[in-house]
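Shared between the two complexes below is chain A, which has chain B as its partner in the first and chain C in the second.
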Partner chain A sequence: MAYQPDRSQYPQPGSDGKLDIDLKSGKYLKLWQGPQHPGITGNMSVELTVCGDEVVEGITHVGYLHRGFEKLMERRTFIQCFPIVCRICVPEPDFNEYCYAAAVEELAGIEIPQQAKWIRALILEMGRINSYLMYVGGQAGSFGMGVIGQWTTYVRDLMLDRFEELTGARIYHMFILPGGVRDSLPEGFAQRMEGTLCEIEKTMQDVYDAMYCNAVYKKRSVGVGVIDLDLMDSYGVTGPNARAAGVAKDVRKDQPYLVYSELEFEAILGVDSDIYTRSDVRRRDLLQSVDLVRQILVKMPKEGSIMTKLPNVLHWKIPRGETYIRGECSRGEYGYYLVTDGSAYPRRVNVRGPSYTHAMSLLERMIVNLNIADVAGLMVSLHTYPPEIER
Partner chain B sequence: MSIKDLFSPFTAWKYVLKDPVTIPDPLNDRPGSARYRGFHKNDNETCIGCGTCETICQNGAIDMLPVNEAETKEGDSGLRPRIDYGRCCWCALCVDVCMTGSLTMSNEYKWVESDPDAFRFTPGIDKKFWDNTELGYQRPDDHRLMAPERIAMGEMEAEDRINSFTEIVDGYSIEQAKLEADRCVSCGICIATCPTHMSIPDYIEAVRDGDYERGLKLLYETNPFSNVCGRVCTRKCEDSCASRHEGEPIAIRWLKRHIIDQVPFEKYREIIGESEPSTGKKIAIIGAGPAGLTTAFDLVRKGHDVTVYEAKAAAGGMTRYGIPEYRLPYDALDKDIELIVSLGVKIVYNTRIGADISMQKLQDDFDAVLLAIGLQEGRQTRIPQSEHEKVYRAVDLLDKITAGENFDLPHCAVVIGGGNVAMDIARSLARLQKQQYGQVDVIVTAMEEQQHFMADPDEIKESLEEGIVIRDQCGPQGCEIDQSGKLIGLKTWKVLSIFDKDHRFSPQYDDSDEVIHACDTVIEAIGQFSDTSLLGNKLTEQLEWDRGRIKIAYDGQTSVDWLWSAGDCVSGPDVVHAVADGHRVANSIHSYLTV
Partner chain C sequence: MQDLYKKLKKQFSLGELTEQRDDLAFITIEKDKLRPLLTHLRDVEGYSHLVLLTAVDWLEEGIFQLTYLISNRTAAKDIGLRVMISRDKATMESIHDIWPTAATYQRELREMFGIDFPDSPRVNDDFILEGWNNIPPYRRDFDTLKYSTENFAQRPGRETKDPAEHMKQQLYPDGAE
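Entry: the complex of A and B
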């Protein structure tokens, strides 16, 4: 039974379409959630107007984390952009590396070796697992189950160990670069990865018992934060947020890239589109990624070239052109729009992250009528990363 | 919701019984992985200070700075990268792009320091505790950002080229040149090495951009013998090229030639620009070789009146009378000379100073005189019986071949010497033999082992392909003459060593290993010297000398204030050194006349 608030006492829109909120009336209170707040997803904030403990209006504010990456890239050569793109999204940086590299390769007319495609897919799935593990901890924490976050942080760290031995770094891997990837898998990698995957599965079973089969969690998340089907297209909802409503959007299936057409998997779908369903879709997605990593490690060739011969990167000029490259990250469709003008620098880079739509306009719409205590839960359930909003 | 949902959460309690997963002592128990991108290491001996790491660093974290531990020398700028860890993002592009493989990373990632400036350091110079760490990021074998191989230059097959004096190499096509130019990292170490300091990275960039007129302008700023140097330069630049450390050097000489080949000669004058107004000063130059004509080129552009006296019938000096046509076609050389003449330089041919005009007259008629007479006389071995009429000097024969004079073409020749001149005469004779006798019979003997020959390795390779026989470690002991007085061979002993422990010339032979190289002609190609008899006794006495050569100051001025000397006769033999000399002397004469 979906939550139905009594709107009779709430402000009505004025002639200009804005809500008529008279703060002096004493009925309403302004409450800032963020930018420094444990209940906010990263560095953004929501300006809440509450009536009692119910939100009547929420205005999202971003800009606390603006680093101007898109502009910085216009003053860097194509190879120099490679180390900075990962910083656009801290918890899941690899999609930036992949989308940027693929965009450059497409405009420069470069085909990368098959082995590099497998390693890229492996990295992306590892990144998705990590991102989901972070999400699960956050979702549990936002409803008061702080210990779950400690469990998932541990297994996420194990995956970071795998990242470290493969890429040479834990967070900003800087491994997928235009032309291929930096290195092949280290000796015994598959075996150690299997150990990590088993640990993740075990932990996720514990999480399932403690969080997903938890009366308190269900009570607070079932029927709350429902995204109506008619919002899907108008708000550009993608990824698990859409799939939890039964909308089968998965770029890996819709427009397979890298080696996804050779992997066996189906888009994970839900029905109810509430916080609980979204978290469950993500849990199943995570386990699917675990399976995909296993598939990749079995199916990928044992050896092969990992890097295409590039022109001299110090003065690499790419012909005039534009392209949009997309991929399915843990939060939905991640895309890079790249324009080149024949010079050694990108003319324009535009990063289309799913957080921009989910965390700003969609959140403003959905936050109304929520209890203050559920705001954090809703925000986390949309799984958004503010760094990627502010490129 | 089910009844299970009430009890299931209590399963979390099992974690109470689990051991903690945290690492008790992470500072010691948690080393970075084998390919971890940790703190930088730099092998100071391998690093050449090319600065490519600085160029690629997108954070501006790297500065190239002079350090006491590295000296500036050929192929090493003497600079070393200093890294600012306040800016570095450990992307390792610097390691990937490093041209020598000297820059790597350790797997160390913990470094505590109270002084914030300490985090700006020069790896390899400032000693760090991770310097000897074995693990850490190194560029994987399959991951090269730079193409190691040069674009192959097309050339005639041996069986075709031996039939004529046609130029051997094809020259790059535009596509090939762009690909080759693309390999350059623009570090500029070559500029410092080039005797005349050509703007090599800039003209290579012009090739990449397809802007050949800009390229030509850059060439002529430093080298009016670009046609010549584009074909036969000794290319010191390529010996210091950063690309040679982990691959082949950029084909700088061929790229220079490519620019030359792309611009129509009619445009040269316009691109090079007009000369300055006349100064009314008159300068005489003796010798129309690269040094003399470079000086003439510079001085005439500065508005001086320049007259060049040349003993032979054509200009170019050794580049015309020494270097065979298959290496340097005359039309290429003619372009360089024609351009210089078109600027207003007067060349008086067939006029030998000392015989036709005296030095005294030059001194009287001109404000300054340059002696650029080159090394025209061939040295002799003075081995027994080498005064035989069938023993020639290589330079004399090369001169005859160029001038088209007749001489008795040997059926079987033995060349003494392992330098480029030896190869030039051997290959020229081989061509003539092929044309006249239908077969090649030339033997090159030299004292050195073949891998230590002074000649360019390409010359040796091509000579062998053309059917020339090379016999190394052969010390000439005398010419063999039969009873009728006919030269029948050259006697050599095996060379055990050439220099003594103080590096003085003191050859040791194994006289039991004697070989008679049968031949009808012996050609000596063991070096050249200058004939300075043109100076006359008075001037010779007036001048200061340094071991047989006229003593000059750095700028080429002799001890007599109106006389300068330049080129092979003071610094040779080498074209590009002569060009560099020419510029230096021109500057000196210009300041002498105008200040």
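Entry: the complex of A and C
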């Protein structure tokens, strides 16, 4: 049975909806978790009001890494936007490239070659593996198991080697551009990738034994941070956060894009919707992505065109229109809303990152009544990346 | 999407329909029709997921376009509701009681576009910017280049290449126009 706190001793909301907290009473204390804090995912902070070791209010603060991407893009031609979109998300930049490229292609009426679709799917699954590996390390670290992060960082580095030989870059790949992809697979790529995938599977088995079967990890994560089913739609919960509650939301299955309709996989589901289940759904999702990478490498055509010939990109004007493109990234639904006005520049680009809802309104609601020591664990379990919030 | 549009049109006064894809359509509606239509789509038609809420600045026409993108997961369909509001004293009704998560979007729109959503929780609190004293920065008439030139200094001795000219030389060295 989950711990039920006595709310009667806590402050009540005033007429403006804000809690009436009298700090001078000595009953409450303000604590800032972040922006520089090992328990915070990236550059954001949570302003906690605590009573004893229990949180009575948590207010998120963002703005520490606002670079105004959406505004910057309005001053750049469509092709000039392509190298900056990936900077919106460090651990999984490829979804920005894919969603932006697909939105431009749709509004410009461009069809990309089949081979490019396979390579795009490969890149996205490789990025998903990387993102999950970072997550597993972070989740373990938030509960005091720092060594797991070192293991996953090691195998993530092997995957970065594969990214480097395919795209020439380790973090920001700038590989998926409007019209297709920049290059085809290098010779012997599949064999080297198989070696990396085997290493990842081996490490994930070790992680499973050391972390997921660990009594301390279970004690701290089972039954903590439960997202109720009725919050799913009202708070726009997507991805593994929703799937851990048994809600089968996976864009790859619901609205298959690229080549996902030709791949065999099922949406990974959980039941309990707590921190442990969310971490387990992500672990199984990671292993599924390993399988998907193998499937893609077997099923994709051995050769073919990878790029559509574009008009002169310096004078590329796209007719007036608007569209929304979504994909299933490691954290949930990632989308680009693009509006064009017939000129050589986008009229408006809006990035819909899953963290926008998960780390703001949902986190603020879920953080109440939590123990201070579990705040970091909850935040990591929502898998939030602050750059998506402030773009 | 045509079927749904015809069905809705019997109950609500709807504007232009743009079918972007089989699974995505945009409908223009009047400002005061938003709430009943959103509630109907959410409760009756299954469009229960608010994907995003954002604004587009049509400066030349003096209007803001608010786009409410909602999704029906079961049917795998999306509808974007376009509401055109005046740029002068831009205000819009809050929908945080329909989707609590909308409060975050509205807070951002208040700060970045200067669109007010009265009664939306903490709508006037700083979101991303702190101590901003200029016009809302995502409006089209806010000039980012002018702002950065006036407020920030260039590092001495640094050469800046014109990106457009550089791309022209790299991509079309034979001088294609």
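By our rule, the second predicted complex is superposed on the first by the 387 of 391 C-alpha atoms of A that agree within 3 Å, B and C clash if a C-alpha of one lies under 4 Å from a C-alpha of the other, contacts with A are read in each partner's own complex, and residues count from 1 in each chain.
The rule we apply is simple: a contact is a pair of C-beta atoms (placed from the backbone, for glycine too) under 8 Å apart; a residue touches a chain by one contact, two chains touch by 3 or more.
Only a predicted model underlies this, so the values are computations on that prediction, with no experimental measurement involved.
> Overlaying the two complexes on chain A, which is it for chain B and chain C: clash or fit?
clash
> Scan A:Tyr235 for contacts with chain B and chain C and give back first, second, both or neither.
second
> One more residue to check, A:Ser45. First (chain B), second (chain C), both or neither?
neither
> A:Thr340 contacts which: chain B (first), chain C (second), both, neither?
Touch partners of A:Thr340: none, neither chain B nor chain C.
> Would you sort A:Thr384 into first (chain B), second (chain C), both or neither based on which partner it touches?
Touch partners of A:Thr384: none, neither chain B nor chain C.
> If you stack the two complexes on chain A, which partner ends up touching A:Asn130: first (chain B), second (chain C), both, or neither?
Neither partner.
> In the superposed arrangement, does A:Glu70 touch chain B (first), chain C (second), both or neither?
second
> Applying the touch criterion given at the start, work out whether A:Asn312 contacts chain B, chain C, both or neither, answering first, second, both or neither.
Once the two structures are laid over each other on A, A:Asn312 reaches both partners.
> For A:Asp254, using the defined touch cut-off, is the partner it touches chain B, chain C, both, or neither? Pick first, second, both or neither.
second
> Can A:Pro83 be said to touch chain B (first), chain C (second), both, or neither?
first
> Residue by residue on chain A, keep only those touching chain B in one complex and chain C in the other, then list them.
Common interface on chain A, chain B vs chain C: 77, 79-80, 312-315.
> Please give the residue numbers of chain A that touch chain B in the complex, ascending.
So the residues of chain A touching chain B come out as 76-77, 79-84, 147, 151, 154, 161, 164-165, 167-169, 172, 174, 180, 182-184, 186, 206, 209-211, 213-216, 218-219, 222, 305-307, 309-315.
> Tell me, which parts of chain A touch chain C in their complex?
Spelled out, the residues of chain A in touch with chain C are 17-18, 62-63, 66, 68, 70-72, 74-75, 77, 79-80, 106, 233-236, 238, 249, 254-255, 312-315, 321-324, 326, 333, 335, 337, 339, 347-348, 350, 352, 356-357, 360-362, 365, 390.
> Show which residues of chain B lie in contact with chain A when the two form their complex.
Residues in contact with chain A: 1, 4-6, 8-9, 11-12, 14-15, 21, 32-37, 52, 55-56, 58, 89-93, 96-97, 137, 140, 142-147, 182-186, 205, 208.
> Give the list of chain C residues in touch with chain A in this complex.
Residues 18, 20-21, 23-24, 26, 48-52, 54-57, 67, 69, 73, 76, 78, 80, 99-101, 103-104, 121-122, 126-130, 137-138, 140, 142, 144-145, 163-164, 167-168, 171-172, 176-177.
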